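Below you'll find a set of structures to go through.
After this come two complexes, each holding subunit A, first together with subunit B and then together with subunit C.
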Partner chain A sequence: MNKTRKRKQKWTLKRTGGRASFWMFTFLIIAFFSTPLLWLVFAPFDLTPRLNIKLPTLSFNNFHEMSQNPYAIHSLLNSLLFSVGTGLLVICVGAPASYALSRVKFVGRDLFLYILLLFSSVVTGTAAMVPIFLLCLNLGLINTFYGVILVMGGGLLPAAIFILKDFTDSTPKSYEESARIFGASSFQILRNIVVPIIRPGLAVIFVWAFVGAWGDFLVPFILIRAPERSPAAVLMYSFYTEGGQAMLTTLAAFALLYTVPVIVMYLYVNKRYGFRFYGGIKG
Partner chain B sequence: MLFLFPSAIFITIFLIIPAVWTLYLGLTNYSLTGLAAANPKFVGLQNYAKVLKDPEFYNSFKLTIIFVIGSAIIGQALLGFIIAWTFSDKPGKLRSFVEVIIILAWMVPSSVVTFLWSAFLNGQNGTLNKIIGGQTEWLITHPMLSIIVFNSWRGAAFSVLLFGAAIAAVPKSHLEVARIAGASKYRQLRDIIVPASRGHILTNLLLISLWSFNLFTPYLLTGGGPGGKTEILPIFVYEKALRYFNFGIASAIATIMLLINFVFALIVIRRGKQK
Partner chain C sequence: MSGFVEVKNLTKIFPNGTKALDSLNLSIEQGEFFALLGPSGCGKTTLLRTIGGLEQVTDGEIYIDNTEVTYVEPGDRNIAMVFQDYALYPHMSVEENIGYPLKVRKIEKGLRAERILTAAQALQIQNLMDRKPSQISGGQQQRVAVARAMATRPNLYLFDEPLSNLDARLRLEARTFLKQLQRELGVTTILVTHDQSESLALADRMAVMELGTIRQLGSPAEFFHRPANLFVASFIGSTPMNLLDGKIVNGMVHVGDSHINVPFATKSASEGQNVVLGVRPEYVSVSSPQSGGFTGVVKVLENLGTHYLVSIDCNGLLVRGTVPDGEEPTPGSIISLLPDPKRTLLYDKKSGDLI
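The block that comes next holds the complex of A and B.
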């Protein structure tokens, strides 16, 4: 009798111990991941922003000050242009390719796709910086919007094709077959049958490319020299006084305006399609 | 086949040509300044010989390995797995709250997060020092640790989501049987969850290692400093190429990086196939 009670006691103790450590762990994880971000919540609305996180003296002065900066709003528009351009490019070029790859079978197709994917995640980084720079120099693409969009789009394309192929694989072939019997061309089939069916996939890829281009620092940093063509990612680093101090007022407001679109897009995708991994990326 | 045409052109111009060009440049003494700028000469393997004799290269290589092991394998994969596993059987609300915070750290543009972290780690006024009551200039006294913690924080979301999906795919009945048979949580993890998510674990390790290996973002936090203490290979290439305009040497290093990437990917994929 006594023995069982003791055992029971030990069991509950272990359980509460486990529960306490679980909450401790949860607290630490939340603190670790959220604390650095909190600055972005408070500082933009603070009359006197500091480097540390503190409750703000409410004011919209920072936004006013930011709007006085000649390049700030412009750079956000540049970012928008780069991102929309890259997103559209990736979809328009990637969708037909993924459709073709999902319908035409050849030996080693999947291996080919895998190698391409691996290749792109490696090459687009710093390793190809020099030739990308020289390529754009020779093509006259330095300091142009096209240059940035083409380079970013080219880098994202293999992964986009890879993910889109998953979507096109799952569209029923019978639709296309009946359309073909009625004499539809391949292009008509793509536009009128495949595209409407894989629309969610296209939306996901567009948002993914948009977010990638929106945050990309390295490509515009290398390819764009003129400040009036710089995107927000690069301009972030110009908000310093002549003494080298960060202009926290402008920076805080700007950082928030620059971050919000990405978060809105994430929330939209999450709500509409669910934020999860699609087949291709799984092992 | 016509549909493949635009993609093929794009991938050729912006991926394959740069890669081949890197190979070629690595064999020349091309630079933007001096005599070599006017007529670059073919120098064979001289650049490689120079790089492989350069102690700075080995130092940079060592830092990169430390960075990958610390931030990708321990900081992202292991921590990500622990988080995913801890919350796998917890109520949806709490789990999605934690996930959203971790995903936010992943979504915010890199220019913004690097500023947030440099403010967070600031010696005089940084939030971290305010919390623990110190004056440490983390980015100067512990630069490697700083960028490792930063990259773990930044990239953990990918592993959390991927492992979350993997653990959710483990058949519930297997775990039930194990529980009835009296298997401890640890035994369930070791004998059921890990073997079942083996594919995901390898894919994840492969991708995040490659990403961390080629990551330029720490440059925005430390600029490779102080005194080259965080000069991981991507920053090393950048400095050689766009600060000293020594394209030959930079391309040789980039080629070595590509080779390391491919060898590593091959090893991981082959191990994955063996089972």
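The block that comes next holds the complex of A and C.
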């Protein structure tokens, strides 16, 4: 009797200990990831932002200071241009490409798709930056918007095609065959039947490409020389005083403005289409 | 050339080497309701799809309305097809679905609306026009698919198992409806089905296919009464035909212990020939034991509604017959089943052909 009670006590103790360490661990993780987010919310509205979290002395001074920077607002517009351009390029090229790959069977198609996917990360990766720079230099694409859009889009396309192919695969073939019998051309079938059906997939890919281009630093940093053409991600890198100190005032306000479009976009697409992966991504 | 649809020496070999059609010839008359019947993989759907232009032919020619269409695009053949899954576009309303082919063919808006309405009225789906395909029942979806085909005013309808996605009761309704519609429109129609009762009920003429060739061609009545070979005999009929191995001895057919007269229809049975005796359960009558025919113990009684299907065991040989409701024998009793000599058929054991 006594023995069982003791055993029970020991067990309860062990369980409580386990629980406590679990919660501690969870708390640590939450703290680690939420601290920067809290800073992002509080610091822009603080009169004297520091690299710590405190309740702000409410002020819009940081935003005023940021607007004094000649490139700040313009860089956000540049970012928008890059991201929308990249998103559109990926969709407009990815949809027909994935449709063709889904419908035309040829020897080594799957291998081709996997190689595409493999090289996807290489194009926009650090390793390829020197050849990409030289290529753009020789093609006269340095300092142009479409140079950045082409490189970014090129890097994202293989993965986009790979994912979109899964969506086009899941549209029944009979839809297209019936349209063919009624006399529709391949382009009409793509536009009137396939695209509307895979629209959720296209939305997902657009957001993914948009966010990828919006957050990318390396490609525009290398290909864009003029500050008035720099996107926000690159411009942020220049918010330093002459003494090499980070300008936390401008940076805090700018960082907040930089995150807003992405969040708005996620919310909109999620409301409109919902981030479900339908038949997509099977592995 | 005589038929409205002419298929000449049509061969289709798929890239993986499967021979789906083997130099097939077929002629379909204007206004005819023609059914292609066969087990899965027999090539019936491939034949329909080559006529529709969805499959490239390997060899041979196809003519529709005296025009060669072998290499003509499907959209230029003036045909309409109803698919097994109906292929209704999920993002379009019923009205847009019916109107889409007309839109593709650049038919002017006013005329388009008129044709959509006519087709919808013919199929009694006017009240569903604003719904999406996912919001209507299977039977209604089928009607929409037929309306869409009808609105294009084709010369030829191709139906690929249009009834197989419906439940049993609805299928009967849709069957009657389809036949009536085809009569009214008078447009040549080709139907593919694996359901023999469907093809017997609907077709003016039909063909049974096996391994890319036609095994028999004729009217449903011919199929039912005189199947040309054992393959067709075993395929046609809702209760399977009795097919019993036998031998011609002394001018009689010896099947097991039973001796049956050579059927009236048999033209060329030679002494000693190995044969298969075929008789439908419907053409077998019950009589008291030892009065000829097959005598055996009643093993199984199956209720078919107005009739009972009786299976008797004559020394290991299973023979079936149908008996009207109320006259069924008790299981375990001994009875004789007499094949109707006018309805009995003999097949050559070796070739499987009717003799």
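Descriptive notes on the structure:
Definition applied: the second predicted complex is superposed on the first by the 249 of 283 C-alpha atoms of A that agree within 3 Å, B and C clash if a C-alpha of one lies under 4 Å from a C-alpha of the other, contacts with A are read in each partner's own complex, and residues count from 1 in each chain.
Please note the rule applied: a contact is a pair of C-beta atoms (placed from the backbone, for glycine too) under 8 Å apart; a residue touches a chain by one contact, two chains touch by 3 or more.
This is a predicted model, so every value here is computed, not measured.
In this overlay on subunit A, subunit B fits alongside subunit C without clashing.
With both structures placed on the common chain, the touch criterion links A:Pro196 to subunit C but leaves subunit B unconnected.
When the shared chain is aligned, subunit B comes close enough to touch A:Met236, but subunit C does not.
In the superposition on chain A, contact is made by A:Phe33 with subunit B only, not with subunit C.
In the superposition on chain A, contact of A:Tyr71 is made with neither subunit B nor subunit C. Of the two partner chains, subunit C is the only one that A:Gln188 touches; subunit B does not reach it.
Within the superposed three-chain model, A:Phe42 lies out of touch with both subunit B and subunit C [touch as defined at top]. When both complexes are overlaid on chain A, the residue A:Ile222 reaches subunit B alone and has no touch with subunit C. Residue by residue along subunit A, subunit B and subunit C are tallied for touches, and B comes out ahead. Once both structures are fitted on chain A, no C-alpha atom of subunit B lies closer than 17 Å to one of subunit C. Across the complex, subunit A meets subunit C through its residues 172, 174-175, 177-184, 188, 192-193, 196-197. Within the complex formed with subunit B, the residues of subunit A that make contact are 22, 25-26, 29-30, 32-40, 50-53, 92-94, 96-97, 99-101, 104, 116, 118-135, 150-151, 153-155, 157-158, 161, 186, 190, 211, 214-215, 217-218, 222, 232-234, 236-237, 246, 251, 255, 258-259, 262-263, 266, 275-277, 281-283. Contact residues on subunit B toward subunit A in their complex (touch as defined above): 1-4, 6-8, 10-11, 13-15, 17-19, 21-22, 25, 83, 86, 94, 97-98, 101-105, 107-113, 115-117, 119-120, 122, 124-127, 130-131, 153, 156, 161-162, 165-166, 198-204, 207, 210-211, 214-217, 220, 233-235, 237-238, 241-242, 247, 250-251, 254-255, 257-258, 261-262, 265, 272.
Listed in rising order, the residues of subunit C touching subunit A in the complex are 52-54, 73-77, 79-81, 83-85, 87, 89-91, 100-101, 104-105, 152.
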